[in-house]
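Shared between the two complexes below is chain A, which has chain B as its partner in the first and chain C in the second.
Moving on, here comes the complex of A and B:
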């Protein structure tokens, strides 16, 4: 690695009790929370994703870290510096925009050199740095082209090169891949992750695409209506969501109302589900006496002759790696994914036997205003 | 319910304070805002306020309404007022109809020669205001080519409502055309297609869909042209004759009777209907517009090809165009003729005359316009940048102030400048500066408007990208926003140059022995019946405008050329 991309001393980001409100459009005296007492931290060198539906406040949060939006109250630390009163051009933050935001009147080279020139670097140093970052991004052949003369994927790389070449302390990503087609998007997110790890830069990444979040981040933060619903690795969140909203947002899930909840204690619950009494995991947010639902992931229903539940196939569809069935079990419509390929002969309308992987089931507080 | 409300108010207050503190931390931005406000207040608001004050007070500064009483009772003010309104309504309606015909033919039919018609329709905007008046005098006047030589009508009287309204319609319909063309182009044509697929005939589609959807645009064009007709000074001064209108009457009070107060009051009275039309246009009509800009391609409209529709439209447009060509051709021809109507031999006498007598005026006009134009365009772009991209207190005031000199009648602005700047502390009358300033602010809103429109189409994150890379506000403006606004800058420069070169009413009271302007010379040549010289001046002015287009294009492209280098 050349000097330009030498691993720098990475610093973390801390957000403490951040509040941002906007006046509501329809009602004069109401306001909407884009951030409702948000506290979070990103460790040095870590890649953290803010994931949530549109309007959940994730972009506002990112723009507050960038400095384009003023928080109503609260503090933002980059390293040891409290930055919420510092204008964005003095925060030493890098950012990738959804639209790439390349300067249309400047060549690829000058786009990347723009930030370095502002730092009053010598001509030779600028040249060396731009060269080596363009090389790292594999776009050195396009240095003299203009943004409208290169492809979307190449524009993406130029935007990333421009953002990291100044060695910012934090890199912010505002849904940078959403304008690419599906194939390129998957490829670019691997690239992004590789380069982020190589440069070792602390990053905050906003997306509404759960698979993107799972693929690139050390830590995922699920947001809804200005609040953080859950923080953790992709695996933690998928396997142990705190509530119905999170379970539905990360991955697919069926939610079935248990017949009886006998007891909840110590992260376990004894319930009767579809006529069977069982012990399953429970979210710590489940309370006795409040409405709860059982999360059944589609892959946690197994089709086998030994199964203890009767089911009928409502519809089936073939997806290559798996077959998806909609089953009717005990009066509920339940989505099932079959990765075994051994039940391909089953037809719509067939009566079959299924079993539940009870270790993977989870009791969650019900979400009565689901916003998925 | 009380405490959350209080908490909210407190939070909003602290947010406002923080925003203010952030502004204080950007001294460049703060400085720019304060300077812009200062000059807008001085040159856009203050002169008009002074005009009001001078109407309502006597020499000692006491409130005195005798002046108004005098205007109402001793002058033919009401007659002139009613005449102006009548003219404005008629011209507004007719010019809008003609403009709509043009716009419809060009956007909705398979008319041959669209490009040509488009250029010919815009021509009157680019030319000095009296070219058409002058041509009407030459062709239809007492010794007019058509009236006297062809039809043998003696002493045909062209002075009055009829020809004045024809000339105004011809010179103002391009505004309606441009406005309505833009509206028809952006109107989602899929609704017209939908109506067609539901079984409607062409006429039915037009009557039930296109026309109702065009009504807001129609109304806004009408209001704009109504105001323009009211404010017009050049054409009525030449052609109104006994048909007394406000702008001419204000001018005559000042120049003929040396009565500044009465003139001021009459000029101000034009302001009222003008502003009313402008306000209705801005706050009422524009909100009812059906134009939706979604950024989504909406499919093209099926162009009308039926001969029974296209042929009549083609004939109408062709006749209008031929008439326009006849007008301009006459003026060019006359400039080379010895004595119009008497001696038809070709000569350069008129040009010799204007280059001898009017060399100063030509030089002054070029010089002052060339100084005013970049100032106006740059200031306009800066204001556009502040209005579209920045948040600060008094944005609406800034926006409104920048429009005032454009929206008020030129006569009122000119008198206002005289009233405001003829005594100390700021004594500018008689200097070049006052003419430059009048040109800058008269044309300012063009730059603001074009700049704002182009900035709104540019993704703000391009500027944010510059900021996050460490660029301050000034750096962002000059290295990113301004180059992106290049084409807007070009049309802003061009437009303000043309307006500066061809303005009459705003500067007629500001010229002096030291600094004279072409348009004022043209007017005096017409008044002294030296029509050959007037024509030669008009041709010279048009040539300069055309040259300016080329030069400006060259400068702007050179300034912001995309430089492709090899980086090895």
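Moving on, here comes the complex of A and C:
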């Protein structure tokens, strides 16, 4: 599977009505859902990220696909094969773990060759495949070193090499970048994505880092309390979140209660917000008569003398690429990001005029769980 | 001491503390090392000088008479051979059982492991006692066999806990899962991954058990009747008894000489019986410390 070699034939993953419950420790006869009737599909060669807060069930879902956790009910298909009751080593999946799980007593070469040896492959074939994969991961110079003699980034490449050398149908990633520092993490996620595309393996990636999910995935699945909240591309989810939880989890957002909701129909809503009547997009989950909030992304508030809303700067912070202001508008505290930096001279306490990019505003069902 | 450390000069209180530290450590070292040194010089000194308390810093009228007397007993070599056999076989049995049981008890997927652990812990607090143990050994037909010294204490509860704690702390679930994905079964994982990365705990167990077997004499005293099966410690004990208590001798001078010779033999015996461990100990010391620390972290 060297560079330039054609991609292996990829298969998809399908999860149908999957349920996994655990007994609650604090309450007798109560169960906690790690997966609550989850249904999803990953197309062949696609990289899909499961994103959600701690305890949302994303790792449990991944472990059920790997075979380390038995589902309470439901089905898991890898290609056309139902695998939910077969052992991990018979599923043909590779996995990259959070701690890399490298064997400390084996060299880089032997770590990568381990799975092939267990498959009783010939020595020459093992050698060729290991060399080829080490080359692909650019770690061939470290073949004779032990895991404790290489850096975190190199260890991660070894872990990836070990996961893909057996040519699995599906590659699973369990927060593989969480142990790296911010800069290396950013670099490695690009590398991971490149390698995944080059090898063409169907991948399921678990993370709680939204920027990682957005950068690396073809498709993002947002999870909460064992259920899927929304599935889509990063752009779809960012621009058109279904509810307040999703909007708050992907990117930053202000949520403002509209003064009046006049009507909701056909994905549009007529509302009065901060004293201005306007038409904005509405989530399909919004219902007339139910409590809703308006999502305003910080970059959708423009500071300009022509703005029709009066605001006061509560606080200001410089972040290099942008300046963040906390503004008081109509009694609400709202975060604003100024990427133009044309208003750098503004000071805390200044009275200014702002306008909203109404095309980007979105009416969402209010989330009373506050689990954001 | 007193020098700048990392470019920062040390305060007077720090310097005083360092001096006190060195004094206390030197005293502690002498308290441990001097008795050992004394045994060595006393074993090669004139027994009269030892008796009169003149041997303090170096041997007086050096003699190997004590050693000559000890090595004149053929049973000593039989004892050495037996002890070596009991130590090697016993330690092997101990380590195999303790390490495998410790590993199994460290795995979360072992159903009922908490109940098993409670059962094991129970034996740490309550034991049957000497007579029930004796009856058990007799009824199992182990009496007067090597196995009477090996099987009853085949697994030490303390060592089992140390082992289990080590595996819990050093073998993460992810390592097992990674191997499992590659098609590695439980036994294969234990042999190919767990054992190679557990050399430290295995060395600790070998050391703990081997020292215990080497020094053990009480069980041999209870369960062995044939003198040709006696371990070294028991043989040495008998040699000492023979050389100090002879009721047939009525002459006071002869009795005193025998008493002094007995002392000389005693010191020689300490050296003879401890020498193998003293030679090995410096090489095993780091594992010994490690083992104590593992036990100290978590029970």
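To be clear about the criterion, the second predicted complex is superposed on the first by the 366 of 372 C-alpha atoms of A that agree within 3 Å, B and C clash if a C-alpha of one lies under 4 Å from a C-alpha of the other, contacts with A are read in each partner's own complex, and residues count from 1 in each chain.
Basically, contacts are C-beta pairs under 8 Å (C-beta built on N, C-alpha and C of every residue); 3 or more make two chains touch, one makes a residue touch a chain.
Predicted, not measured: the structure shown is a model, and the values here were computed from it.
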Partners on chain A (chain B, chain C) - clash or fit: clash
Between chain B and chain C, more extensive residue contact with chain A: B
Touched partner set for A:313, first chain B, second chain C, both or neither: neither
First, second, both or neither for A:144, with chain B first and chain C second: first
Contacts of A:107 with chain B and chain C, given as first, second, both or neither: first
Which superposed partner A:115 touches (first chain B, second chain C, both, neither): both
Partner chain in contact with A:98 - chain B first, chain C second, else both or neither: both
Partner chain in contact with A:21 - chain B first, chain C second, else both or neither: first
Which of chain B and chain C A:166 touches, first, second, both or neither: both
Touching both chain B and chain C, residues of chain A: 66, 68, 87-89, 93-95, 97-99, 101, 103-105, 114-115, 118-119, 162, 166
Chain A-facing residues of chain C, complex: 172, 174-175, 177-184, 188, 193, 196-197
Contacting residues of chain A [partner chain C, same complex]: 66, 68, 87-89, 93-95, 97-99, 101, 103-105, 114-115, 118-119, 162, 166
Residues of chain A touching chain B in the complex: 19, 21, 29, 31, 66-68, 70, 72-73, 85, 87-95, 97-99, 101-107, 109, 114-115, 118-119, 127, 130-131, 143-144, 146, 162, 166, 174
Residue numbers on chain B that touch chain A, as the complex places them: 5, 8, 11, 14-15, 18-19, 21-22, 25-26, 459, 461-462, 464-472, 475, 479-480, 483-484, 486, 560, 562-567
